[in-house]
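Paired with chain B in one complex and with chain C in the other, chain A is shared by the two complexes that follow.
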Partner chain A sequence: MNNVSTGERLKVKKESSWIADNIVTLIFVAFTIFGFMVSDGVTMNFFLTELSSRFFRNAFLVLSLIIPVVAGLGLNFGIVVGAMSGQIAIAIIRYFNLGGISGLMLTFLLAFPISALFGYFTGVLYNKTRGQEMIASLIVGYFANGIYQFLFLFAVGVIIKVPATHPMIKPDGVGIRMTVDLVPVEDGGLKYALDSIMEIPFMWAVLIVAAAVLLLQLIRLAKNAKNPVFSTNKKRMTYINIASCLIIAGICAQAILTNSSLMMVRKVPVVNALLIIALCVFNELILRTKLGQDFRSVGQSQHIAEVSGINVDRTRIIATIMSTVLAAWGQIMYLQNMGTLNTYNAHTQIGMFSVASLLVGGASTQKANLKHAIIGTVLFNSMFIMSPEIGQSLFGNALLGEYFRTFMVYGVIGLALGLHVWRTNKKGKITLD
Partner chain B sequence: MVEMKEKGKFSFKETVNKIGLPTLIIGVFWLILIITGGFLGISMSTLLSDTLKRAGMNGILVLAMVPSIQSGTGPNFALPVGVVCGLFSLVCSIELGFTGVTWLLMSMAFAIPLAAVVGFLYGKLLNAVKGSEMTIATYTGFSIVAAMCLAWLMIPFKNPKMGWFIGTGLRETIQLDAVGGAQILNNFWKFTIGGEKGIIIPTGMLLVFGVCCFIVWLYFRSKSGIAISAGGINPRFAQASGIEIDNNRIKANILSTVLGAIGIIVYSQGYGYAQLYSAPLMMAFPAVAAILIGGATASRAKVSHVIIGVIIFQGLLTTALPVANQLFEGTDLSEILRMIIQNGIILYALTQVKGGGK
Partner chain C sequence: MSDNLLSLKHVSKEYSGNRVLKDINIELKKGEIHALIGENGAGKSTLMNILFGMPVIHTTGGFEGKIEIDGQEAHIKSPHDAMNYGIGMVHQEFMLIPGFTITENIKLNREITRQNPVSTVFGKRLESLDFKAMNEDARRALDTLDMNIDEYLPVAGLPVGHMQFIEIAREIDKTGIKILVFDEPTAVLAESEAKNLLDAIRKLSQKGIGILFISHRLDEIVDVADKVTVLRDGEHVATKDIKDTNKFEIAQLMVGRKISIDRSEGPNKNSSDEIILSIKDLNVAMPGERVKGINLEVKKGEIVGIGGLAGQGKLGLANGLMGIYPSSGEITFNEKTLSLNDPEAAIKSGLAFVSEDRKGIGLLLDESIELNIAFSAMQINNDFLNKLGPFRFRDSGKIRSHADKMIKDLDIRCTSPLQRVGRLSGGNQQKVCVARALTLNPTLLMVSEPTRGIDIGAKKLVLDLLKQLNTEYGMTIVMTSSELAELRAISDRIVIVCEGKVEGVLPPDAPDAEFGLMMSGSKSHAEGSEA
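Coming up: the complex of A and B.
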């Protein structure tokens, strides 16, 4: 009798904790659906076009946050430092009027040592501010912004002499302009250098992804057919996944065959997508290596890791360097898609938005994986697109929606962090008692 | 001979330790800037007047850091929470049609209970997230400012002194001249030292700052204040001696939030404008930096740190602007300097925080 009630209690608790674990994700799903219901101005076309271009701009940056979380550094707001390194590389390439695919490769190459160096410094700082990494990473972003502005507003022109006639230098010869045009790739610039290599229609892309996921699920099912550990719950999830893949594939096939309005959605940049997939694979693979295991053990307990002979400080610095370098590349991908370099603004929000995206996907300060990053990026950007529309249609004021979305960004980060700490503290108390 | 040398070295080190490395570096830097400014022919009396004015404006906001640091929750990165309470009271007071001194007093009268309630809730929140107070506080502050952006836009206030010309909502900056509130405290008993172009002493504002400092100083000598400090130094020991730490942390954060609310009212009247919307977003960081420059750490702070810190930091900023403009025309070096010093000093303080550990 007693046993049964305990079992039931546990079950109830499990259910409610699932909701608590995913509360942020659920809020965002509800918000996006709500947005579709109230705003009639948003067509599926517009939404998908916006979403796909935003996704391919931001996914790489969000993915760069995973390694520090695994290594126990928490959410690395310091990817702003990486973003700035990427922008320095872009500015150098732009200054020498290089461009095209080779120019882009050179940008990536150039960004590597710059961001690795700054990543190293950031990592050393995190080791000195152990336990307070997250606030330190936020402040280091602001600090680096000061140095960045010193470099671009003052050093360029006063210390490094540049011709005032250059299109990216301010007319008085000191400092770089607020916005720098990156010149379309046809004219030998960086704009769309990556996107324009190859593009396929959106629906074809979705079809391919759906087919790939379907294949993976089938393999998984076949592999685990005789495995008793493969629970019915997981099996059910696999069936649901297969069904949804089939439905999506069906919709795509229908759209392609009838050439419906969905075919008007903006084309998908293939190379960009491949790079994102490559980073996903890289993230998965690195966690299987010795280094990845080190990340994990340091993330779980620095003390135990140290005792078992792992160089904790070094591992944490490597994790930070990786994150910073990836963020630099992510920012380059972001900017080649934007086409202009907002010299003093492009990087400031990157940290917040990427962290919020990851958290929306269900990650926490100690747990993050690819699924969180991908789902989070999709959901967060959906909210970003819908928010002004909701403000417009409910209150007749798009500005309201924009303020609301800022609130959501900060609120989500605050809520997710707060809930996590609160739960950890509660757990700690129970064991202590 | 050797002994003496060592002794001298020792005392030098001790002096540095006593003053604090950040205070010394930033202070010396400020002095160098002032001397450079003197050579460049910048009016010293204007500089000093501006320094006093800005120190008085920012002083109470910096003072708000003392209770939260002493209670062990770290610098109050959620200062914007208090700030929006103050701003809300301020606009309410305008809406009700108060002007002049009544406006100021009514703003403060609204602000104190409001900030106390909000501070209580905020203290509760901080107790729930022990160990990560600073990060959570920062995001609480950010969220509240963002939420208040929505509120400012939707508040159905009718007073034409604050509204947009079209549509609902409040303006981004509200001129306090319109209610006779601009520099109202500064001008109270204002006098100048050294003739027409001498140093202007904004007596009223400095008095208010002084009174607030005195109250906080006195409070931390009372039984309740000492209990708060004890909880901050060693929570376990304090708990063992029968001090209720959680309650004390809430008390300290109420005090901090109230000081933030009063601080922004004093700041706004000195500035002449009340800035709404995203203006309070980053207000915590300069305040945190100022108290750290004064010699405080993330776990220990005194009222004297506030006074020293705010004068050095604001003095540096006021001096840097004209000096940098004279030396390098057309660059915004002082703003860059502010960012680097402000955030650098916070980072330095964070590296000194104990805990976390391997």
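Coming up: the complex of A and C.
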């Protein structure tokens, strides 16, 4: 009795079309390719240099968004709170003129309790605004911005006494300057503190990554050869991945051997890259623990999780804290690369841009993984690089491209949310059969 | 000291002065299948909530009496306590996460974990999951139930019968499970699936698990149970060994004699032979009340009662005709074909509906009585409106005078026609609903659960009103109700709906047992009268 053949069961699924699921990603790929076609000024060299530096700046922040999505909190615009915590830590470190690698470590350490505390409060708020977490997260960002400004514009100087002569304090002795120079690491500052530890040529980095991915794919293939769940479809994808890895590795090897112009691309910060990889591994591993399974249970159905005895509120708070702390660290990585702290603006767009990146990668409000974050960061930043070029070559005005950026960012978020609502409605629709 | 696995002793419960359970005694032995039967509102779910320590019981003042497990008094304060005492429950609506695999669902929040370096520092919650061990456990539980399905498949897309079994597998996978409660387990299953389930239940009982089996399907109970307890209106009516009883007796006990609303006259005074509404193969996708092919003819001037247990589809009939839920079928009303899925067309054709969901779709609670009465007529028939160029204005004078008339005719107790409907009592709200339906000048009035949530005195008034509409104005009425007594009080004939179909039609004065058997879908109700 009760015997349904496995193959039959697997065939039944797949009702939604691939294009509809990946529409946002496809738009961005098309846009980037279109950019290359119309603008002749962009060399591969310039593009890759820009892309790699932007990628290493933003990837960590985008990755910090995955856990809340898995835990059913949706897109956590509240990482802005984390970013502010990171900036508070940086401001303290900068004030005491600390720097270098040890100074950076201290910044990370200092950011942890600050962001964990704010993450806790944010999590409590999300539990009170159940079902409206995304709107709550947007508003909490604006609200926190108010507190942040109060702290940096008023409290520093009036409540906390500081010398007016300090380079980061405004000349009247009250508040922190609009822009604070983080001082290059050679002079004992934070600028490039992480990036400068070790750098390798771009093509070598790509070669190493391609080789690593190739190895992983081969291991996966060997391991799953006998597993019946490993469908032919997945197997085909693995072969495609292996092939593309080989091609990329080939291009790299050719560039290295012939020392072509691609070798001129800006060098890659190794430690930065390692940290991003570490976060990816962390995200994967956490989902394989009891806590990760609870995240997933709560994300899929709060009611069922509650009935099964999982402490839903606590689990959601933990997810929010994790996201906020990771965002704080991400913001520190971002700023050490920028070199200046744009005190009142640096964090404001972080939530929007990171969320948009994740969505571009193919994530939705209910589903997000590492692949979405990485692909999304690459594509979203490609759009950022290309849009002024397109504006320049099509309309003779780079500024038009700037407007286009804004349009794309909010358009993507709107489209993703709209698609989500549309799909839920479609699912919830009552039909006769 | 008895050999009882579970005994409920003198259990009573009241919700804010309203006694819903009175002195219930149930004993369950090892390996026994004990069936629990009763109409809707008989107290079955409250009893189970008590057994499971659901928060709703303790936030409303707890209960009286005591629960003993293995002869020891048990204090069950939360579902978690219940689990520790070895009580498991197979829910009516599945507690399964569709995106998870079968294993993950079976092991939900009871995952097997392994220590890892991180967890030794940061605690148990960071231990890694041992999928291999989990899969093995899941396999074992599934094998106990003779399920050949692979444990690593996702639950989404499985047939409902399988989902039910996964729920059971989850319960028996729990260590030390002693008592298993099945809450209407076969309600959503097809016949062959239900048979499999009953086999599985028998098998579990042979392993020494005590089983409480809640069902309203008499055939199943007689088939599978060892003992049966009948509840009615929160009272313990009887507990019998299955071998000493039969389904006719159980049916009779279940329906029983209630405080009857007196029936003053015999049926059928002014109904003609003219068929006003003919329904052929009506299907309605109303969630929880699906209609699966109803055929029915209503004669002009009669009151037809529609009865049946909750969830069987009796409410779906009227909702489907009015176009509130997607439906299909062939409907002829007043010699014209009625187009389905179109509320406006339904109302225009002369149907009017007083919904069972009074506060949800019946009334605009924050608006005045007069506006509520006139609202549908303004929308549909353009009554009570003054035209001025492209604009249409409310004709307040006309609305007021009509409302005043209705308030007087239907005896709506209110301070003024401007009073907010939300402030009225349930009975008066119901009258406003009826007034609005009458304002549409319908040929046929459909009323669903007209006495739900209103007190006993008001019930009589509402029923009298319906009766009066029928006798004085010759209005055809289709009344749907869960309360058999009120159907019997005013209907000319009673249609019993079971599993989305018409199970049979009975005269209002048919014996209790016949109603009981029909409502529980027992196949041999034809012989009912002989028992």
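For the reader, a short list of remarks on this structure follows.
Please note the rule applied: the second predicted complex is superposed on the first by the 409 of 433 C-alpha atoms of A that agree within 3 Å, B and C clash if a C-alpha of one lies under 4 Å from a C-alpha of the other, contacts with A are read in each partner's own complex, and residues count from 1 in each chain.
Keep this in mind: a contact is a pair of C-beta atoms (placed from the backbone, for glycine too) under 8 Å apart; a residue touches a chain by one contact, two chains touch by 3 or more.
As the structure is a computational prediction, the values presented were derived from the model and not from experiment.
Once the two complexes are laid over each other on the shared chain, residue contacts for A:Ile310 go to chain C alone; chain B is not touched. After overlaying the two complexes on the shared chain, residue contacts for A:Val174 are found with chain B alone; chain C is out of touch. Of the two partner chains, chain B is the only one touched by A:Gln302; chain C is not.
Of the two partner chains placed by the overlay, only chain B lies in contact with A:Leu417; chain C stays clear of it.
Once the two complexes are overlaid on the shared chain, A:Ser102 sits clear of chain B and of chain C alike.
Touch criterion met: A:Leu291 reaches chain C, while chain B stays clear of it. By the document's definition of touching, neither partner reaches A:Thr258: not chain B, not chain C. Taking chain A as the reference chain, the count of touched residues is higher for B when chain B and chain C are set side by side. Chain B makes touch with chain A in their complex at residues 77, 125, 128-132, 134-136, 138-140, 142-143, 145-147, 149-150, 153-154, 167, 278, 285, 328, 330-333, 335-340, 342-344, 346-347, 350-351, 353, 355-358. Of all residues in chain A, only 1-4, 6, 9, 12-13, 228-229, 285-286, 288-294, 296-297, 300-301, 304-305, 307-310, 430-433 touch chain C in the complex they form.
Residues 79-80, 83, 95-100, 104, 108-109, 111, 113, 116, 119, 124-129, 146-150, 152-153, 156-159, 161-162, 165, 196, 283, 285-287, 325-328 of chain C touch chain A in their complex.
In the complex of the two chains, the chain A residues touching chain B come out as 125, 128-132, 134-136, 138-140, 142-143, 145-147, 149-150, 153-154, 158, 172, 174-175, 302-303, 306, 312, 395, 397, 399-400, 403-404, 406-407, 409-411, 413-414, 417-418, 421-422, 425.
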